[in-house]
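When the chains are written out, they are named A, B, C and D in that same order, and each has its own residue count from 1.
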């Protein structure tokens, strides 16, 4: 019972802040709401008995990535000349299309999850050779999800080099 | 300072500095003779007082003479110690003496170059010869209103940008722009504001 | 009931109050130590030898006018000091001041909680504290604070990388992320980690100087360059919050350094029987003593060294400390695998 | 989609605007009311404009309306951290105009006082310069020693900052008994303290990084820009008025003129640190060889120099301090009184020095050229 109350309160906050992120006019405020959103998501992880994920969520997203966002938002001059946004709705069709696609995709996943019996054995190995949240995450990352993990890290490396090449005017 | 209160002219203001010619037996230094020989007409007068040599150069020859004094091997005046002016109001045809104190870090000798200019007469800037002249000429412009031409950045330096008049002139009152400022600053500000508004209109 | 609610609440209250008092007295300590280093006396007027000075300061700051610049971003401007103060305080939840002791017939642990990701918790909470500085600079709508907050964010993010990498080396040594676990690991290893991880310790120390904006890395608040840094526009209690947050952070990093590298509450040579008489001193005293040494060094460094320039700071961080930390980490990993 | 050359893309994506910040006139490290308008690209200084005049009191104009003795008091207010030096410069110029001889004892004492003043001024410089770069302890150490000098001055003339300690033709009064012993004792103290400063700075890695290669200016350019004093000598130009055009008793003293090589902030620092030692050397010589005799020359009751003009320069702690004075021979005040302020001429080089450096270097460079705004603005 207590858990349910906590979950729904957190969920309400998460959704509320998410709405504020996209509706706030001031970009810096918007980024701040995003940070709050991340913090509440982290709280949700705690509720799920995954403290490691919660901490990483705060460390990486709230403490790392969004700081850089904020940095960029503060530095870039957001007061564009008026001709830059003559038609504020010019991309709205595309936006609605993409949102619809995501919605359908989510629905499909949820439906399939509900329709099929949960593949209990496949989702998590019945017994992991380690105990503890941190250890389990580590174990799974380096065994089952090794290839996606490495691909993700390669992707990040490529992105980093790309960013350096773009930002550095003369190498 | 057009609208400053009329200041009584100093009793018997001197019409110019004494510029005693060097005594006949004084050995004229090499840089003076060299300047005389190489830049024709650059030495209008020569003076020696208390061991300071002063060369009076016509305004038209100033930059040429300055260039020569800096570059010639026997002059090598590479250091402009000071640049200032003196105001002699009775001398209407050439009110200001502009003085250049030169020093040579190589030969360790000094000379003073003097140029006489009238109030609105343009005087070529020597910033091209000695960059050090930049601020010094700005100060002379600020304080005396000497009309330097070819200066890269001719603004007032010590006084505010919108200041009227040139404080170091002899006819500029010591108290500043009138007693109103001292006694009643607010009225003075109002007066100034109304004057500014009149200017805008 | 008592175990679940009363004791933790009591502990939180004690730690919170002790921290706030400690932080305010840290300011006095700093003023006194620097004064002595500079052949002065420091505060002498309020109370005997100035011991009541922090209280006088607090009263003064509370009574001061709280100014918000006209064109400031009002909400963010108000929130920024809070954002920097709160993380500095909640970090104390996982700092172990001592082991489990018997107190009034009960087993009481001398820490608020021991979560198994304690170290990561500290790092992540500290990383949120950066917002306080960035937002303060942004919300002031003034050029010097903005410049300072840009410096600060770049500096804190850069040095966080180096510091976190050294922490990983320690985790490799201890095999746990729990703060209590790390102390116990040092007990079992018969050695403080500072002696097996000297490189990590040095990098950690330099990094913490930078992360707490202390000399010689105090560029975000370099008053000679940026007037007051990110808190130029702040006054009264809001300014005091920044000030307190900075000192709270110094105490946190001192405690963390003690826990990770100097055996936390352990007395020197816990296995040497001849030194058993040292057990008479309570364990938390050892912890405080060790932390105090760090605090002193922080102040000492400030009194001695000039300040780095921005580009030099970045160069030191990215070209020296981070590669060193990575090399140290890899080396630690290799040694660990070889030995096992 | 049309092809855009890479420069255009960069321009569009990373278009950064320059930040204009106003350093001063209220800023902790502009040493007074200096205002520097900086155009910044990130932390890099693109251009700087120096705005002065906030402390302009019209000392030149005032002096043209005061009698010759009253002006000494005004010269105190120019370089107020080395007031005695300004006094001597003025008095010597008037003595030159009056063509009077100053007794040797007065000359020696002037030398001692001026060198003490140089040490006091350099103490203030090393303290504030180090403070600007973040080393706060040096500041208090240097002020501690400056205090000793102020005590010596207080004993000599009763004032601690604006001394009014010279008279035309000599000194207002002889030194109190035992004062010379105290000066020598101070020299011994100062020797050890200098090592203390140097321990904190000279070989400090951070200090070296902050000062080496910052604000490099080579000899020829420095000369052309009119830099003077230690700022010029740091660029390797051995120009010291004390050696080149000796005044007071400097022609009888044995001392060296330290010069730098690189012309950067560090060399200017080293030059001044060595000047401390040379000053101590001069003080020891002058105090030990202090001749007996009168302290004032034959000065007329009414000071009224013959008509004429002259320029006389001395080496103040900041550089060449020159006085150009015109007397009309009739009135009891100078017709024209002009000071060649070394700080003014040194400050002129600041925009040139800071261009291309970081914001943090601006304060280092302001400290490195050692200005006093009282003298810049007059």
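Here, a residue touches a chain if its C-beta (ideal position, glycine included) is under 8 Å from a C-beta of that chain, and two chains touch if they have at least 3 such contacts.
Predicted, not measured: the structure shown is a model, and the values here were computed from it.
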(message) I'd like to know which chains remain joined to each other by touching when subunit D is not counted.
(response) A, C | B
(message) From the centre of subunit B, which other chain's Cα mean sits the farthest off?
(response) A
(message) Closest chain to the overall C-alpha centroid, by per-chain C-alpha centroid: which is it?
(response) D
(request) With chain centres taken as the means of their Cα atoms, state the distance from subunit A to subunit C in Å. (result) 30
(request) Between subunit A and subunit D, tell me the centre distance in angstrom, where each centre is the average of that chain's C-alpha atoms. (result) 61
(message) Based only on mean CA positions, could you tell me how far subunit A sits from subunit B in angstrom?
(response) 72
(message) So the centre of each chain is just the mean of its C-alpha atoms; given that, what is the distance between subunit C and subunit D in Å?
(response) 43
(request) Enumerate the residues of subunit A that touch no fewer than two other chains. (result) 75
(message) Going by the contact rule set out above, which residues of subunit C touch subunit D in the complex?
(response) 34, 37-40, 143-144, 147, 151, 215-216, 218-219, 222-227, 302-312
(message) List the residues on subunit D that touch subunit C in their complex, please.
(response) 19, 21-22, 27-29, 40, 43, 130-137, 140-141, 144, 200-201, 204, 206-207, 209-210, 358-363
(message) Using the touch definition from the top, list the residues of subunit C that touch subunit A in their complex.
(response) 73, 75-76, 115-117, 120-121, 123-128, 130-131, 134-135, 138, 146, 149-150, 153-154, 157, 160, 177
(message) Quick check: in the complex, which residue numbers of subunit A touch subunit C?
(response) 26, 28-29, 32, 35, 39, 51-52, 55-56, 58-59, 62-64, 67-68, 70-71, 74-75, 132-134
(request) Could you pull out which subunit D residues touch subunit B in their complex? (result) 52-53, 56, 58, 60-62, 65, 96-97, 99, 220, 223-226, 237, 239, 244-245, 307-311, 313, 320, 322, 324, 326, 328-330, 335-336, 338, 340, 344-345, 347-348, 377-378
